[in-house]
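Just dropping this structure here.
In this document, chain identifiers A, B, C and D correspond to the written order of the chains, with residue numbering beginning at 1 in each.
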Amino acid sequence: MKYVKELKWKPGMNVKELVDKLGSIGFQGVQLKRAADTVVDMKKVGAKVYFTFTSNMVTSGLRGLFAQIISLGLVDVIVTTVGGIEEDIMRAKGEKFIVGSFNPDDVELYEKGYNRVGNLCITTESYENFEDTAQSMIRKLYEKKKVWPTSELLKEIGLMLDDENSILYQAAKHNVPIFCPAITDGALGFHLFLFKQKHKDFMIDVVQDFANILFSSSQDEKKGVLCLGGGVSKHHAIFSCLLNGGADYAVYMTTASHTSGSMSGATTNEAKSWGKVRDDANIATVIGDVTITFPLMIFNVLERLNEEGLIHE
Amino acid sequence: MKYVKELKWKPGMNVKELVDKLGSIGFQGVQLKRAADTVVDMKKVGAKVYFTFTSNMVTSGLRGLFAQIISLGLVDVIVTTVGGIEEDIMRAKGEKFIVGSFNPDDVELYEKGYNRVGNLCITTESYENFEDTAQSMIRKLYEKKKVWPTSELLKEIGLMLDDENSILYQAAKHNVPIFCPAITDGALGFHLFLFKQKHKDFMIDVVQDFANILFSSSQDEKKGVLCLGGGVSKHHAIFSCLLNGGADYAVYMTTASHTSGSMSGATTNEAKSWGKVRDDANIATVIGDVTITFPLMIFNVLERLNEEGLIHE
Amino acid sequence: MKYVKELKWKPGMNVKELVDKLGSIGFQGVQLKRAADTVVDMKKVGAKVYFTFTSNMVTSGLRGLFAQIISLGLVDVIVTTVGGIEEDIMRAKGEKFIVGSFNPDDVELYEKGYNRVGNLCITTESYENFEDTAQSMIRKLYEKKKVWPTSELLKEIGLMLDDENSILYQAAKHNVPIFCPAITDGALGFHLFLFKQKHKDFMIDVVQDFANILFSSSQDEKKGVLCLGGGVSKHHAIFSCLLNGGADYAVYMTTASHTSGSMSGATTNEAKSWGKVRDDANIATVIGDVTITFPLMIFNVLERLNEEGLIHE
Amino acid sequence: MKYVKELKWKPGMNVKELVDKLGSIGFQGVQLKRAADTVVDMKKVGAKVYFTFTSNMVTSGLRGLFAQIISLGLVDVIVTTVGGIEEDIMRAKGEKFIVGSFNPDDVELYEKGYNRVGNLCITTESYENFEDTAQSMIRKLYEKKKVWPTSELLKEIGLMLDDENSILYQAAKHNVPIFCPAITDGALGFHLFLFKQKHKDFMIDVVQDFANILFSSSQDEKKGVLCLGGGVSKHHAIFSCLLNGGADYAVYMTTASHTSGSMSGATTNEAKSWGKVRDDANIATVIGDVTITFPLMIFNVLERLNEEGLIHE
C-alpha cells in the first residue's frame, strides 16, 4: 500500500527529486512519476521506443530537448506532423519565434506579418525565407532520385542541416527514422507541389514508407510508445506497433479528454482493447500541457538512466 | 444590444426552434446559434464550403448525416482522416458498430475481439471482412491506372459502393472531392502496402493531390470552412484556403482548448493572424462534443435553407 | 446488444425525437439519452429529486427552464450558490443581461460598467438597483424574526417575488426548499453584512439548515440527484444523500474532467466508492456545456412524462 | 521582443532553473514563469496576499507545502472549502491517505471502506476517527463561547493541533485567517449539526465572518490573489478584493476552461471587467493540474525570495 506523503520545499531541490516526490502526491503528480518509471522500464529492457509529438511542441522550444534525447539514444523511431519539420528547419536556418500572449489583437498581428500559434508568433518573413531553403533542398533531393519514401527524404534533409538542436539533424546522425504520414499538410507540401509542377516525375512514396515503419520493429522485440499529444502522429505509432503484436509499454501525455472518442484523447486502457498495447503493459497517462509535463518527466528519466550509465553521447 | 431571454419548454418544440432560442441563451448556446447563422450566410453568398471531420465522428453514427448534407449540396470539399474512410466502407458493406460504455474491462473486450473507440466498439471480424473488400477495391483501381492522387482514388471507391448513407458514395455521386492527407495511417494504408508488395508500380501521389485541393477554389471565390474537431483534417482545409486568400467564413466545433497551442484547439481568432480566415470574416467557435452540437446546428441550418428553397435533393 | 444507427435529418423533427435518436449515436450523444432515461426512471419510481446548478447557469437564461421544471413538479430539493439567487432576483425585478462575446476589451467593459460572465454582461447599474431590493427584503425578514436558517430565508424571499420565470418564486410556491451553503459569497452576503452592522442580533443559521437538508429525505425513500456543474452545490446534494443511505439515481452534466480529483469533475463511478450513489444505481454522466445539453435532455424527459400524464401544472 | 529559446537537459538541474528556462518556452511553460514573476512582484511590493485552494488539493499531499508557505509568510489570508479543513485535521491526527488509480472497481472499494478522490482513497475508518476528534473540538469551542464566526472557529481549531505540516496549525500560529464560506458542506458540517441538536444556542455566524474578510484589507493596500482551482474559494477572495478596490496582482492556476462562463474557468481578463483585478494589474493564468504546476511555480518563487532575504522562518 502506498500513501500520500506531504511535499515540502527545500532550497536548491533539483528536478529529479521533485518528480520523485510527486510520486507520493495525488492526481497528475503521481501519474507523472508513473510515466517516468514506465520510460525507465522501457529503456532497461531495451525496448524499441516510438516517440511522437505534434508540430506546436516543436514551435514551443521543446525542439532542443527532443533533439537531445535523440542524440542520447532514448528513442528509436519518430512520428510527427509536417509543421514540426518545417519549424525545425526554419530554426536550424536561424529563424526566431516570438513569445507573445494568448489574447492579442489578431488583425493587428496579421498586418504586422506575425502568425500566431497559441502565445507564440512566427513571422511571415520566416516563411518566405523557408521557401528558398525548401526549394533548394528539394532540388538536391531530386538530383539524387525521383521517388522518395517520406522517411528517406526527411533523413536526407537532416543530413543537409548543421544544428545540434535540430531534430532532423540528430535523427539523421543517429539513424532514427522520422515518419510523417501527412507530409503535404503544410508549407513543405506546398513547396513539394511547386517543384513537382515542373518535374512531373518527382514523387513522394507514402505507401513504401508504411512498409518502412512496419519493418522498424518485429513481433519479437519489446516495444514502447511515448506519445506527446494526439492526432495522426500518435495513431500512426500505435497502429504500427499493433501490427507487430502491440506495445509492451505506453506513456501518453496529452490535454485531450477521452470523452469524445477521439484518438487524441484515447486512453492507454482503450488501447488494450485493440491489442495496441498488450494487456499486461506498463502504462501511464498524464493530463497536462507537455511544455511543463514533458521536461519534468524526461529530466527525471535522464538523471536515473545517467546514474546507471544507460545513456551515451 | 441583444439580451438574454429565458428559455421555456413547449410540448412538441422542434429542433430549429430550440436552436433559434439558444441564440438568446449564454455561453455555448449562443455560440451554437452563431455557428448556424454563419453556415447559412456561407450558403446564401454561394461560398465554396470546406467540410472537415475526424474518423471517430464517422464511427459515432454521424456518418448518415454527413452523407445527407453532401447529397443536399451543402458542402463542396471534404477533408478527413483514413479511419473515417475505412469505417464508412465497412458500414456500407453491412458491418455493425456496438454501443457500449466508457469504462469497460478492456482486457475482456480484447479477448472477445471488440476494439473500443470511446463508448463504441468495432469487432475484429469487421476489420477482417474489410481486408477482402479493400484488396478487391485496390485491385480494380490498379487495373485502371498505376498512379493515384488520393482524392481520385477515394472517388473511385465511392463509385464502387451503393449505400445512400455512405459519405464516399454521396461524395462521388455529387462530385465532392474527399482529401485525406494521411491516407496510409490506418487499415487501408496496411492494405495498400500489402498490395504494393506484389505491384511495385502502384503508387499514391499525395503531392499531386495537394494541387487538387489547391485548385479546388480560387482567390476570387468566397470560401467557408466548417471544421468538426481538429488535427490534420482541419489544418489541411484552412491551409488550402489560406493559399487562396483565406476563408471568408469559419465555423469550428471542437472539444479542444486553445491553451496548448495545438491546431485542434486553435481559435477562429488565431486564424485571423495567419490570414487563414479574413479579418472581416464571419466566425464562430462552439465548444462541445459534435455528436450533440453538430446535429443541432445543422438541423437549424437545413430547416432555414429548406424554407428558402436553397437545398436540392 | 445495441448498435450504432445513422442519424438523418427530417424536416420539422422535434427535440424529443432527436434525443431519442442520439441514443444510437456514440460518445456524448448516447450519454445524453442515458441521462434522460435516468431522470425518467427517477420520476417513475417517485424518487425524491435533488437538483443542483451553479450561478452562471441562472445568468445564461436557463433560469426560466429551471423555474418551469420546479412548477411542473420535477424536482424536490434545490442546492445552488448565492450568485444564482441574486441574479434570479435581479431578473425578477426587471434587470436585463446582455449577450456579448468571449473576447471583448475588458478594460473598456469596465469603464462602461459592464461586468462580464463568459460571453454575457451584467451592468453595474443592475447591481446598484439590487442593493435597494436586497436591503428592503432583509428588513422585512428581520421584522419577522432575527435568526434565519438559509433555506427559510430564501423561501420568504421567493414569496416576495412575482415572476413565473423566477426560480425562487416557483420554489416557494411549490414548497421546494432551496439550500445555499455559501450564502454570504456574493452581493447578497455583502448586503446581509451591511444590515447586520446596525442589527447585531440578525443571524443566518447555517448549521440549522444542515438539519433541514438532512431531513429533506429519509433512508427509506428513493433518491435521485441531477447535478449541473460541480462545486459546493453538487457536493452538498450528494453528501446529504450519502448520509441518508446514498442516491439511487444520479445524473451529472458538466464540463469538468475527473483527472484532477476535484468535486466538479468527480464521476458517478467515483461516487459509488463513497456510497454517495448506490452500487446498483442508475447513473449517467454527460460532458458538455449545460446551456446546450440540459435543454435537450430535459425536453426529452418532459415530453415523455407528459405523454404518460406524470407532470402536473 | 522575447524569443523562444530551446530547452536542454543538464545533469542535476534544479527546479528554479527549469522554471526560469520555461519562461522562454511557449504555451503553459511561459505562463508558469509569468505566474512566478507575478507572485514575486506581489511580495516585493508588500501586497496582502489572498490564497485560495480546493479540498482535493489538501488531500493530494500539497497540504505540507501550503503549511510551509504560510509559515514562511508568503500568504496573508486563506479561503478554502470545508473538505480541505477536515482532511487537514485528519492528517494532523495521523490518518493516512492511499495512492491508487483513476479506474478502479468502485463497488469493490466501497465494500472495503475506501472512499475515492480521483486516484486517492480515504478510508471510512479515518472518517469515523474524525467524528470523535470533531465532537471533542466543538465541545471545547462551545465552552469558550456560543457564537462563532467561521474564521475564529478555524483559528481555535488550529491552536488545538500540533503538526507543522498542518495548514490550520501554521495559519493559527502565524495569524493568517482561514475563511470557509460553506463551513457546513462536509463531515464537519454534520458534526456541527449533531452538536447543535443538544446545544441549541451554539451558532456559526457566517455574516460576521463576511465582515472579517472585508476588513482583512483596505482600499489603500496593495492586494494580490493566488487562486488554485475555482469554486466558492476563488470567488470569495476576488469578491472581497473587489469590494476593497480590486486586486493589483492575480494568478489563477486551474484546469477549468472559460468557455462555460463558470467562476472556476473565469480568466484574469474577465476579472478586469468587474474591477475584480485592476485594469493595470499584473496577471497570469496557468492551465494544468496544480499538483504539478503549483510546486514548480512556488519553488521558483521561494528560491528567488530566499536569495533576496524576503522570506522568514
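Everything that follows uses one rule, which is that contacts are C-beta pairs under 8 Å (C-beta built on N, C-alpha and C of every residue); 3 or more make two chains touch, one makes a residue touch a chain.
Everything quoted here is computed from the prediction, not taken from an experiment.
Set against the Cα centre of chain A, the chain with the most distant centre is C. Interface comparison, B-D versus A-D: the higher count of C-beta contacts falls to A-D.
Distance between chain centres (mean CA atoms), chain A to chain D: 35 Å. Centre-to-centre spacing of chain B and chain D amounts to 44 Å, using the average Cα coordinate of each chain.
Counting partner chains per residue, chain B has residues 26-28, 56, 59-60, 103, 117-120, 257, 259-261, 269, 287, 289, 291 touching two or more of them. Per the touch definition, chain A reaches chain C in the complex via residues 26-28, 103, 257, 259-261, 287.
Interface residues of chain A facing chain B in the complex, by the touch rule stated above, are 54-56, 59-60, 81, 83, 102, 104, 106-107, 109-110, 114-121, 147, 181-186, 189-190, 192-193, 196-197, 202-211, 214, 229-232, 235-236, 239, 243, 255-266, 269-270, 272-275, 279, 289-291. Contacts from chain A toward chain D in the complex involve residues 1-9, 11-16, 18, 22, 24-32, 56, 59-65, 67-69, 91, 96-99, 103, 117-120, 165, 269, 287-289, 291-293, 295-296, 298-299, 302-303, 306.
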